[in-house]
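We just call them A, B and C in the order they show up, numbering each chain from 1.
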Amino acid sequence: MKSLRQIRFLLDKDLRIELRKKESLVSMAFFGALILVMLNISSGIGRQVDAETGAGILWVAIIFSSVLGLGRVFSREKENGCVAALLISPVTPGEIFVAKTLVNFTLMLLSELVLVPVFYVLFGAQLSFSLLTLLPVLLLVNLGFSTTGTLISAISAGTRRNEVLLPILLFPLILPLTALAVKATAATMAAKPFAELLPQLEPMFAFCVIFSAVGYLLFPFTIRED
Amino acid sequence: MSNGSAFLSISGLRKSYGAQEALCGVDLDLQRGEFLCLFGPNGAGKSTLLKIIATLLRPDAGQVKVCDYDLEEHPEQYRAHLGMVSHQSFVYQDLTVLENLEFYAALYGVEQPRERALELLDQVNLADRYDMLAANLSRGMQQRLSIARALINDPELLLLDEPYTGLDEYAASVLRDQLQLLHDRKRTIIMVTHNLRRGMESATKLGILARGELVYLEQKAAIDPTSFEDLYFRHLEMA
Amino acid sequence: MSALNRSTIFPGLSALLISAAIGMVFFYAPLEKTMGSVQKIFYFHLPLALTAFLSFFVAFISGIMYLRSRKRIWDARLASSVEIGVVLTTLVLITGSLWGKPIWNTYWTWDPRLTTSLILWFIFASCLILRSAVDDEGKRATYSAVLAIVGFIDVPIVFLSARLWRSIHPTVIRADSIGLEFSMLMTLLVCMAAMLAFWVGLYKFRVSLQLQEAEVNDLINQKR
């Protein structure tokens, strides 16, 4: 109970800052849309992409743009030493991990509200559109990306090259998740029934569970000084 | 609490970074309500000592005992009664003055967080700036906000790491007044500083930390100020 | 003097075994019927792959031990095994594609094993990049320990999902499904022993070098 309250306070604080400054969200949506436009042009103007390529394009845009938001999640705490203030408060590192994961999850979901429609405007002519089957894929990737990303961003924020290191360290780890998501998304875009997505969704779910647990256990080491 | 046992009891504290020993066996007892000021040259281990007491660092050996709170098993309970002022302000630039205090008040489970925040803002003379973003405050105001932040949970134990560094005169006097108020209410305070004058004016106990050891510790009442200054400068020269 | 002798055991042993292994590969092991001489690269490929995996396993264990004990020696072990593992994985990928070109008619295919090796390479190479970006010894050790643990846990996930996301892949000729002839098996075993001795020797050198480096840094810091 107390943990949930602390997590809510931390989450409220981050979302309040985000809504006020809008720096992460705007840059995520803008950069993601930019990637979609660039890939649209480079896939040949006026040419239709098939479901598999389309799914790949969508996920490249989402993953690359989400790194921008993730980078800010921790660097904000490092300003003025606020991490130390949290560590000497009654909050536990595990609560910080959950709160930061949820912040990132929310940011990704909000930017996807922009990116998915933009994707369908640019590429959607020949692809089927079923939000109902796409939604579980989006949610699972958001969760897996956010847990892994929160852990890795705590590491990269402690180095001299935060922005450069974050994608370098994170992308190899989430590659299986991305690959599965692409395959599942391709199935939704080819109007396959939901049952055909399950072979991909199950390992994605396993990824989320494993990395939530691993992140929760290892996160305290990455933010403490000793 | 019995009168004989100390409020804070540190024994055999050791910490090293690589081969460099920051603390080599520090023992220290403080009674409730004592105000200890620790002096020492750079690299004497003062910040390390405070960080260990604040549970930011784990010692290699030795232990810190604080009465009533079990540091090992429930650090959160202990932290709930701990305050810290550091040379970093610990405030969020993109939150307003009031939001900063309310956020920390919520984390500490303060009842009536807004009232407590406003009361503190009044004490550090920032009440009329409550809705300004912390980023837009002047340096001195930020420092006063940072002092208010550290006091949000009315700490039983307050740790101050070089609090006077970079403080303007007004903020310094605000800090001194707040420390006096806390001291009057029997709160325990440990301050680490370079500033002899500031340190000596409010402390009840003075200590010198050099090369990771507590080389001197005495009640202020029993100390002759000039000979203490001489001793301190000798240790500065040796470092 | 005795320390010097001890430190030359594994380099000496691996020099012997590697010469023996090369001799056996080219003069003792028979020529494989369908693949011809290309198959001989397999005698290096498999031991390389096994020692590469061993490196990452050692890194994983060292990471856990470092986080538990905070002892410098575990960081040295972790750093050394990650370095060696990256080099060995590079060689695995190179020997694999050299073999794949004539046999599969392509240097690269998204077979689960290839995919896993490649991603493993990326994860642990990124660990080396991370180490170069952190100056503080304690932080560097903690961060790389966390990454080594996470990276190792990622391996089975990568392998399982690679099997799922590329369902049509060329049939891989798996070592354990071909009945290896006795002379081939002997050659393979000698090659493995050679690679293992080489691994241990290299690992010991790297660990002691890491420790010496840390001590030199201590001296520099003390002077400051």
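For the reader, a short list of remarks on this structure follows.
Basically, contacts are C-beta pairs under 8 Å (C-beta built on N, C-alpha and C of every residue); 3 or more make two chains touch, one makes a residue touch a chain.
Note that this is a predicted model, so its numbers are computed, not measured.
Seen from the Cα centre of subunit A, the chain whose own Cα centre is farthest off is B.
Distances from each chain's CA mean to the overall CA mean are smallest for chain A.
Rounded to a whole number, the gap between the C-alpha centres of subunit B and subunit C is 50 angstrom.
Separating the CA-averaged centres of subunit A and subunit C is a span of 32 Å. Computed centre separation for the pair subunit A/subunit B is 39 angstrom, with centres defined by C-alpha atoms. Subunit A has residues 225-226 in contact with two or more other chains. Residue positions of subunit C with contacts to 2 or more other chains are 138. For subunit C in complex with subunit A, the touching residues are 67, 70, 119, 122-123, 126, 129-130, 133-135, 138-139, 142-143, 145-147, 149-151, 153-154, 157-158, 160-162, 164-165. Of all residues in subunit B, only 51, 54-58, 76-77, 79-80, 82, 84, 86, 88-95, 99, 103-104, 106-109, 149 touch subunit A in the complex they form.
Those residues of subunit A that touch subunit C in the complex are listed here as 148, 151, 155, 158-161, 165, 168-169, 171-173, 175-177, 179-180, 182-183, 199-200, 203, 206-207, 210-211, 214, 218, 221-222, 225-226.
In the complex of the two chains, the subunit C residues touching subunit B come out as 72, 137-138, 214-215, 217-218, 221-222. The part of subunit A that touches subunit B in the complex is made up of residues 6, 9-10, 13, 16-17, 20-21, 76, 79-82, 84-92, 224-226.
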